[in-house]
Amino acid sequence: MTREINAKELVLGIVNVIDENKAWLSEIDGAVGDGDHGINMAKGLSMVRADLNRQPDDLGSLLSYMGMTLLTHIGGAMGPIYGTFFMKMGKAVQGKKELEIADVSNMLTGALEGVVGRGGAEVGDKTLVDTLSAAKGAFEKAAKSGKDLGESIDEMMAAAKRGMESTKDMVAKKGRSSRLGERSKGTIDAGAASCYLILTSMGESITQYL
Amino acid sequence: MTREINAKELVLGIVNVIDENKAWLSEIDGAVGDGDHGINMAKGLSMVRADLNRQPDDLGSLLSYMGMTLLTHIGGAMGPIYGTFFMKMGKAVQGKKELEIADVSNMLTGALEGVVGRGGAEVGDKTLVDTLSAAKGAFEKAAKSGKDLGESIDEMMAAAKRGMESTKDMVAKKGRSSRLGERSKGTIDAGAASCYLILTSMGESITQYL
Amino acid sequence: MKKFVNDPNVVVDEMVEGYVMANKNVRALQEARVVARQDAPVKGKVGIVTGGGSGHKPAFIGYVGKGMCDAVAVGEIFTSPPAHAFYHAFKAADGGRGVACLYGNYAGDVMNVDMAVDMAEDDGIAVKQVIANDDVPSAPKGKEADRRGVAGEILMWKIGGAKAEKGGTLEEVTASAQKAINNTRSMGVGLSPCIIPAVGKPNFTLGENEMEVGIGHHGEPGIEKMDIRPADEVAQMMMDIVLPDLPMQSGDELCLLISGLGSTPLMELYILYRKVGKILEDKNISVYRSYVGDYFTSLEMAGVTVTLMKLDAELKELLDMPADAVHFKQL
Amino acid sequence: MKKFVNDPNVVVDEMVEGYVMANKNVRALQEARVVARQDAPVKGKVGIVTGGGSGHKPAFIGYVGKGMCDAVAVGEIFTSPPAHAFYHAFKAADGGRGVACLYGNYAGDVMNVDMAVDMAEDDGIAVKQVIANDDVPSAPKGKEADRRGVAGEILMWKIGGAKAEKGGTLEEVTASAQKAINNTRSMGVGLSPCIIPAVGKPNFTLGENEMEVGIGHHGEPGIEKMDIRPADEVAQMMMDIVLPDLPMQSGDELCLLISGLGSTPLMELYILYRKVGKILEDKNISVYRSYVGDYFTSLEMAGVTVTLMKLDAELKELLDMPADAVHFKQL
């Protein structure tokens, strides 16, 4: 179990890591898509940042607010998908100030189920589901094998990275790049990359409060 | 006075010299205008060539027919201007088989008056009037000073060349290039060039029958 | 990038602002980026809503008006509008008889519309969807449901909008719109890319003499890249792909829509029309009505889409009804 | 050069062929390259004729139709039609009450129209001319008669066409058209050149970041080349030149026409509209009616023209009348 988490810092961590990497995210999206993933995400999250002071302090509400903001403002596929991602995470930790293994597991499970339910992507389709599913699986496996929260989060982050990298050789089945067929191979999927950045930032934030 | 002129050969000479020089004419038009003077002239004259067999043999009718064809088919400023040019020349030699000094003088005068009446250009405006006016002036001066038809035509051709060249340093006052103001300096005017080619070809044709 | 823009990040907002200033018959909503008929919701009429990414002038906002769409959700360039915008478009369009949401088959649009429909239904607004999938090269026969929507969407709005104007119920309006799109096939050929203002550089590349056959409305790659050919051959190639897909037969009547993708001069569209018309004549298929112009574009992309809609008596009647959208008028 | 063409030398013929195939309300004459209303000459109505070089889609042939032009003489790309074509256009348009020839101030057009008028008068057809000279940057104040005609021609046709439709005499029609053009001022800014198919290369060059201020409809150079600026500054600069020339005053009403030159997306036109509208609002000048789109272009040139027509009661009434040309419809 963590100490009480500073939820606004956790959210700002996500906003910042996407902002710092927006050029890269757009660049890899540009290789097979329309080159706006970094712009889209950064734009939506900058609205989160702008309004953060007026929001409540608790993690559940903040994550839901983040989801709603993305859903309301960024459009595209990312609005519904990351909107659902954060709303489901928020729902999983409603009212929580400290996190236990079960909470983090519920967050990842909720996000994954939400994203799959919304967009219909499966593992192997070259989307952020590849990152998220790997992360969730590794976290649960570590926890089940008796590792503590910190260790399980480390495993989760490592798996998120592998999940992201696995998309490099995949043929896209969802989203714009799926129109490319075989030509979509050779670049990491942009959504898988942003998901890796987000999960890593969250993981690092949480372990700070262990 | 010439022998009887083969009018179709004279006309074909004009058609050919323009066709051979159409790239150059378009190129100099392109420097200050829209780069189509060679195309326009060659297109109109190719119609003259195509229909030439069905035309009467005499010079007056053929020149009028040439003018009518340009007027009917090439449009732009050149249709009315060269249309008038050839129609007036034709009118000046109606019914003539052999040419005397007065006939050539009438042709040049008719053409010049017609073109000036139609387009309002004056000497110095950087148009074909600079070529035509110089040619007409030189011809008349030579004839008045007692030179024979051949000599007068030679003077006319030399003056046509000087008239054409004089346009190089002029600022255009008529036609598209007049929009350029000072920027129109530095290139020979395309219409002045085609007029030089036409007058030279006609002059050479006529002197063949001396 | 040479464009008439101020801040590349707000081009869509500024466009909408200019659009509603220029056209007194339409208004922008406060709640979300939506353009609606000034008189929407029209009481007792089924509302017609569409929406999509921007950059497709005059689609989508140009089709707001009597006989066409009541409200349009406006996305960023080439990006689906958020669910929020579709939701407010539904609210603006609902005159009490429900809303037909007629839009194109893009993952983002589908997800956002789905979410918006849920929100609207919570408010008691009935919404039915028809999803255009007229772009033949985007998926093979048998996988029609995967195909994108392109210029055929305009004909779907025309038919659905006319049916609503005639007093059709929500079921009737969506049935007519669905029939329209079922009877419609399109394909595009691209000659040059376009520049998204916020990106500032071309969104794909083509060789000096190359064309992209089957290109999508955002520059999505098509069936193949090949050397540019004379217009008649391009027309023939497009018809060889589009005609058998429907299929069309001798004696059929159709609506033919040839749209430029942005920078292709109207002259070239008519040169293509000439050949398409001859191909149809040879097959004894008659063009009942045609539209030629920049109806659905991709910023300044050079290229064309050809769209055929096979007609029956109902579609002809609806097609012939007047329309008074800003960029689609028919007397 | 990537274009949908067959033989670059016959693009205009093929365009006209496609155009009359696509649009059943118009026909091409046999005698000369002229497009006319199917029902021309309209008995008892003054005929409206225009004409000019091709490449200005939808001008000129797109404006043939009820309430606009009866017949149009069609020239080669950027080249005046021959006198012969104007003459046959006059014959096709004359319904017994004479013909108003409303066209733009280009030397070739003026000469060809003059000759055609002589020919028509020999046939007993009365023709009166009105020559549009709305392009402010093409000649200084005081030399208005030297100015070119640009997009303002459309408003002249609209007004003249409506007056003819209302039953005006030849004198009345040309007086209204003349008033329209006297009250109209335009100017253009170009961002990129265009390619005449038969030439195959751009017709002028501009630096990477340059725009041509005051550009003509064939790429004629304007007042100066300068670095591209934000849309709002471009709009301000254009208004600073156009507004004082008329001049317009507080309380005036006007018609505002913003036309793209070919490849400029509609989005950018509305971004410009936004600023132009604000400038006018600030001066308490109201926009009675506006048109935004590709109304008068130069093949695929990127750029814009802004046109203002100061209105009075008569012009408003005529402007509001319906029109049913192929590319200009108003309900």
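The first chain written gets the first letter, and so on, giving A, B, C and D; residue counts start at 1 in each chain.
To be clear about the criterion, a contact is a pair of C-beta atoms (placed from the backbone, for glycine too) under 8 Å apart; a residue touches a chain by one contact, two chains touch by 3 or more.
Computed from a predicted structure; not experimentally measured.
Under the contact definition stated at the top, the chains bordering both subunit B and subunit C are D.
Considering every other chain in turn, none proves to be in contact with both subunit A and subunit B.
One inter-chain figure worth recording: subunit B and subunit D are separated by 33 Å, centre to centre, where each centre is the mean of the chain's CA atoms. Centre-to-centre separation of subunit A and subunit D, using mean CA positions: 55 Å.
Centroids of subunit C and subunit D (each the mean of its C-alpha atoms) stand 28 Å apart.
If you draw each protein chain as a dot and join the dots that touch, you get a simple line with two loose ends. Across the assembly, chains come into contact as A-C, B-D, C-D. Across the interface of their complex, subunit C is touched by residues 26, 30, 34-36, 39-40, 43, 71-81, 83, 118-119, 174-176, 179-180, 183 of subunit A. Partner subunit B is touched in their complex by these residues of subunit D: 9, 53, 75-76, 78-85, 107-108, 111-112, 114-115, 138, 196, 198-199, 203, 216, 218-221.
Within the complex formed with subunit C, the subunit D residues making contact are 2-6, 11-12, 14-19, 21-23, 54-55, 57-58, 62, 191-192, 209, 211, 228, 230-232, 234, 256, 262-274, 277, 287, 290, 292-294, 297, 299-300, 302, 304, 322, 324, 327, 329-331.
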